[in-house]
Amino acid sequence: MCAHKIAVGVLGATGMVGQRYIYLLKDHPWFEVTYVAASPRSAGKKYREAVESRWLIGSDVPAGVADLVVQDANDAKLALGACKFVFSALEMDKDAIKALEAAYAAEGIPVVSNASANRWTDDVPMLIPEINPHHLSVIAEQKKHRGWDKGFIAVKPNCSLQSYMMPIFALQQAGYPVKRMIVTTLQATSGAGYPGVPSFDMIDNIVPYIGGEEEKTEREVLKILGTVKDGKIENAAGPLVAAHCNRVPVIDGHTACVSLEFDLPENKKPSLEEIERVWTAFTALPQELALPSAPVQPIIVRHEPNRPQPRRDRENDKGMAVTIGRLRTCPVFDIRFVALSHNTKRGAALGGILNAELLKAKGFFDAL
Amino acid sequence: MCAHKIAVGVLGATGMVGQRYIYLLKDHPWFEVTYVAASPRSAGKKYREAVESRWLIGSDVPAGVADLVVQDANDAKLALGACKFVFSALEMDKDAIKALEAAYAAEGIPVVSNASANRWTDDVPMLIPEINPHHLSVIAEQKKHRGWDKGFIAVKPNCSLQSYMMPIFALQQAGYPVKRMIVTTLQATSGAGYPGVPSFDMIDNIVPYIGGEEEKTEREVLKILGTVKDGKIENAAGPLVAAHCNRVPVIDGHTACVSLEFDLPENKKPSLEEIERVWTAFTALPQELALPSAPVQPIIVRHEPNRPQPRRDRENDKGMAVTIGRLRTCPVFDIRFVALSHNTKRGAALGGILNAELLKAKGFFDAL
Amino acid sequence: MCAHKIAVGVLGATGMVGQRYIYLLKDHPWFEVTYVAASPRSAGKKYREAVESRWLIGSDVPAGVADLVVQDANDAKLALGACKFVFSALEMDKDAIKALEAAYAAEGIPVVSNASANRWTDDVPMLIPEINPHHLSVIAEQKKHRGWDKGFIAVKPNCSLQSYMMPIFALQQAGYPVKRMIVTTLQATSGAGYPGVPSFDMIDNIVPYIGGEEEKTEREVLKILGTVKDGKIENAAGPLVAAHCNRVPVIDGHTACVSLEFDLPENKKPSLEEIERVWTAFTALPQELALPSAPVQPIIVRHEPNRPQPRRDRENDKGMAVTIGRLRTCPVFDIRFVALSHNTKRGAALGGILNAELLKAKGFFDAL
Amino acid sequence: MCAHKIAVGVLGATGMVGQRYIYLLKDHPWFEVTYVAASPRSAGKKYREAVESRWLIGSDVPAGVADLVVQDANDAKLALGACKFVFSALEMDKDAIKALEAAYAAEGIPVVSNASANRWTDDVPMLIPEINPHHLSVIAEQKKHRGWDKGFIAVKPNCSLQSYMMPIFALQQAGYPVKRMIVTTLQATSGAGYPGVPSFDMIDNIVPYIGGEEEKTEREVLKILGTVKDGKIENAAGPLVAAHCNRVPVIDGHTACVSLEFDLPENKKPSLEEIERVWTAFTALPQELALPSAPVQPIIVRHEPNRPQPRRDRENDKGMAVTIGRLRTCPVFDIRFVALSHNTKRGAALGGILNAELLKAKGFFDAL
């Protein structure tokens, strides 16, 4: 353990998202994994043995974690003293996750969660650090209200919307509010975890359905863009979103085809050039703070006719930049474009790590 | 040669679409392939040898065609006496195809074409037999105007729109005009022919672009729904279409995610039940005439949450039925659904054969 | 129920192999599915509802079976009167299957099994009807020994070896015994059932391992080629087989790359021409009896350099023919070739149906 | 241009292998790309424009190369002064490549080639730096014989054999000579370049054939293991290899299933433990010289039952290590195992770069 690093735990450490946290935290400058917890079935085994031939990312379990003994994630007290805060990649039913994340927080252990269980808890911030860092202000209220001393919960939104959320926000912030949008996503199978989608469904096939995904997407947009009022987050009124979510035979990288209408009179609508300018120039707090996992340029615009493509563009800037292409006018709405983001980096584990970096930079871990 | 069958030729017989014509006409009750023509490179070879290890469909070249000697497609006169009409699956540049199809027609050989070259010729009908058989009336004008005696040209539209064109038409015909729609397609690679899309682009990847496809789709809808005026086809005024066309790793079957708005006051809009009723009940002239390649029920509606899927639904009713699923309300427009059609059957060769069947049934081949 | 057909049941009817039995028996001239049984979880539901959105083959559950009520497969008595014999596609642990198949047989219901549980029971024939129909003679002993009156058990071997077993047997029968062979298989994912192999493992990947498959392959070859002695099957002494089994991203069709050495002096070894002659001329009892599912020509030899390929050749002759290509000399052994067979047709359900057809043709169902 | 780096050129710079050289040399400590040449069609354009939307690796053309003007590769004189040596990734017919590589060498520009044209020229070393660095001694003879002053040609072998060549060599060197082996490869599509294998052949399919690959593999093994005699390389007498080469839907990473027999009496054959020890301990000259692209441990042995897998293991140690798994006895020969190597890194561009590093380290570029 490096003296200057913060000890962190990973809950649900043997699942696919948990493995990604462990892999991506391998050489993190601020955090070091010192605690891994999973289901009772894995508890007591060395991490390397608990995942054995189901280790999915890269060729090997990172050396520093391989010999950690997996603890029972159901007992929050076990984490006390072993780590300062935890990343939650729990895979259980929603109510169980909600109760368990609260248990950790109650023990004084902040929870930075990837799970969807607390996304709609109104005193829990659902963060995209480039968009709504001001939502962190509800944490004080959350702690007070729950009677928690040092612990708290912060979550990240669904991976499905990550590719177009920053572009939309950048436009709104530049004075171009979006009225409504119709989005079709082509989503990678890694989003379904492991074993996840059967290969029988993904060879010579696509599946035009991902359970619950469209509803999540359409609602989460409004909370992310919401405002803080009385210590709680109040949803934004718009934009109105219609989502069509498809599963396609791609390992990593969600692609979105977006048609969008501005909430502006015709003569105030931005030109394609102006839109590209806004996107290319967009930076925010994570860039200002130079957070380790923040992309230098959050939105990359490409001009080739056939880009972005998942395999070519998902890794842009550590897998944390959104790549946009095919920006053009829409015969039905105002503009159309294709947006791509890495669903297991920006959209899951590395997005969660960026949230933790933001929390640290803003002092939320100082008292631990 | 069966005495009662009509002798037909296939132009571009060695290409992927040409091969499909030959495969699908194998046991056709009305037509028999007696003539195959391709580029000068193949001319003079037996068909079996001309395609050799590049035969792509099923395991073997149909016996009746294997020993036909391939002729030079550039010389229309060679077809005289060898066949009554031709299917054009020519793969050349547009102007060359236009000239060549006209040459065959001028020789008195009708051309039923799969090529896009003549889709925008205003006296050439672009047929979906369930939708616009009345467009056949322009053929008389076409012959007169060009000075052709027996020959003429009829074409079929792009494969990309086949999955939603019949559903849209069925709704319009039932009194529910469509104002506008935003469509994202996930298109199979067979649509690009052979060699077509490199595997390097279709393993762990999708390509959010198909050259020219979106423009074709958006325009062709209007001609298909057009009216005949003064011996020419006049485009319909709507619906307005915005298309996002993607290539995905699927062999056959184009999927479309459609959001659609009716051109009706709120209280006149159809319910989901009514829409399903309209679609399920839809039949048209090909069904009435019991054309051999016509599906019994052109539009199939499924209720499972995860259907239609290309591999499971593309072959419905000889690959000629459109399968629809996930019919639901749209938060932005009125309704959303997923539609699937077999791009190389309904969308290409078998669609062309259905066109020829319609022409035959309506007497257009009687004088040959 | 057609009066002239034999009523059959399917055990494990909701699993992938069970579904295939039901699909492939749809229009069978001799058998009709009148009974479906599965786990208690499905029991009591209509078959259509029991499989609902997990129906995997073709677009729809066959009409005749959709409304059958699923019974509990664990209670063999329930099948009495409802069907004459059963196809077993049970997916449970081996001992449970062994006990359950015996229970059905004990009730007087013959079991034609796809499961591996009884493959090594020495009085149970493991049939490939073209190769070892004489193994049926052990059934009399089996019944006597177990005290079964009308019931008995017959099984089929693993799908992995089906592509090269008939070619090997045809050579041996023609006087060219095989001493040893090294085989590498590239196996389709449908062989693993559903959900089976995760798509995460089959996109941009292969898995060079299938649990237990190599051992099964290497041993089963010897029983299939065995002789009957004292009412039991005695393994053949050879050929010696070394198998490397790989899972590849293919839906259906197992490919095998075979290098093989004859057990003959150099001057007695067959030429490539002679081998092709033997294979092409090979027919056996199923062809003689014209069993409905028997291929007309069991072994097809192709000459294109790049065949057989799964998608192009698996459906040859109802998916029941083996297709061979690339027959050439081997620098290490005598010959090399590539062999392909449809793993879920010849290698599973349709192979099981062929076994039942053989049993019926040889009078084994007469007393039922 | 960094003063301390050697200026290098890439011939065939716009093709897939050429692009990989440019990508992989991006931050090379010794070499810097200062010259790019391709066909006359690309000549005169900036490199970025010459590859435009066909740039295949990573998301962007490396900055240092993007603005280089592409030269005509057919004119060797153009490279004089612009670079010290060239990597040849030419894609032309063999004789043309042979002539052109000689032309560069004649101009005093050494050629480190990826092409197969000169692999069988007996005074040209075909290098795997861990195996046959002593073959470099033929270069002196080559120069003398051809009358070349500073220029020379060195090549690398086919990608198909890279996964098992080092393991075989390590065993032979440890006193365990291999008599014969039967190898089946499952090769990635990137090995066929771009556009390469059509996606139509790689969706729900494998192709059991790669033109010329088996012959190359079987012969090249013998030259690689050959000895230098009178300034020329004399092939080794063994091992005897039989190769079955298949194309599978994998982007990068060739997998080989190997059965091998030792040329040793039974009691001298190594145990599996001894073999693993030999492989794990194997290092050679590139490791000793710490060449920048050399893997630290050239052969990695894994114990999970289902490894190596292309997507999980191909990137091991910069894509330069070979990963072996499933080491077990073979019922027909002595041992069996699965070996994996990255075909476009170890097997192509990075292997070529390692060759150049060896040449540099041994002084072959000193006089330039």
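A, B, C and D label the chains in the order they appear, each numbered from 1.
FYI, a contact is a pair of C-beta atoms (placed from the backbone, for glycine too) under 8 Å apart; a residue touches a chain by one contact, two chains touch by 3 or more.
What you see is a predicted model, and the numbers here were worked out from it, not measured in a lab.
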Chain of greatest Cα-centre distance to chain D: B
Centroid distance [mean C-alpha coordinates] between chain D and chain C, Å: 43
Inter-centroid spacing, chain C versus chain B (mean Cα positions, whole Å): 40
Whole-Å separation of chain centres (CA-atom averages), chain B against chain D: 47
Multi-partner residues of chain C (at least 2 other chains): 56, 201, 203-204, 249-251, 305-307, 311-312
Graph class of chain-chain contacts, one of line, ring, star, complete, other: complete
Chain C to chain A touching residues, read off their complex: 56, 189-190, 194-204, 249-251
In the complex, chain D residues that touch chain C: 180-182, 184, 186, 201, 203-209, 211, 218, 240-242, 244, 246, 248-251, 255, 257, 259, 305-312, 325-326, 330-333, 336, 338
Chain A residues touching chain D - in the complex, by the definition given at the top: 52-53, 56, 58-59, 203-204, 251, 304-307, 311-313, 315-316, 323
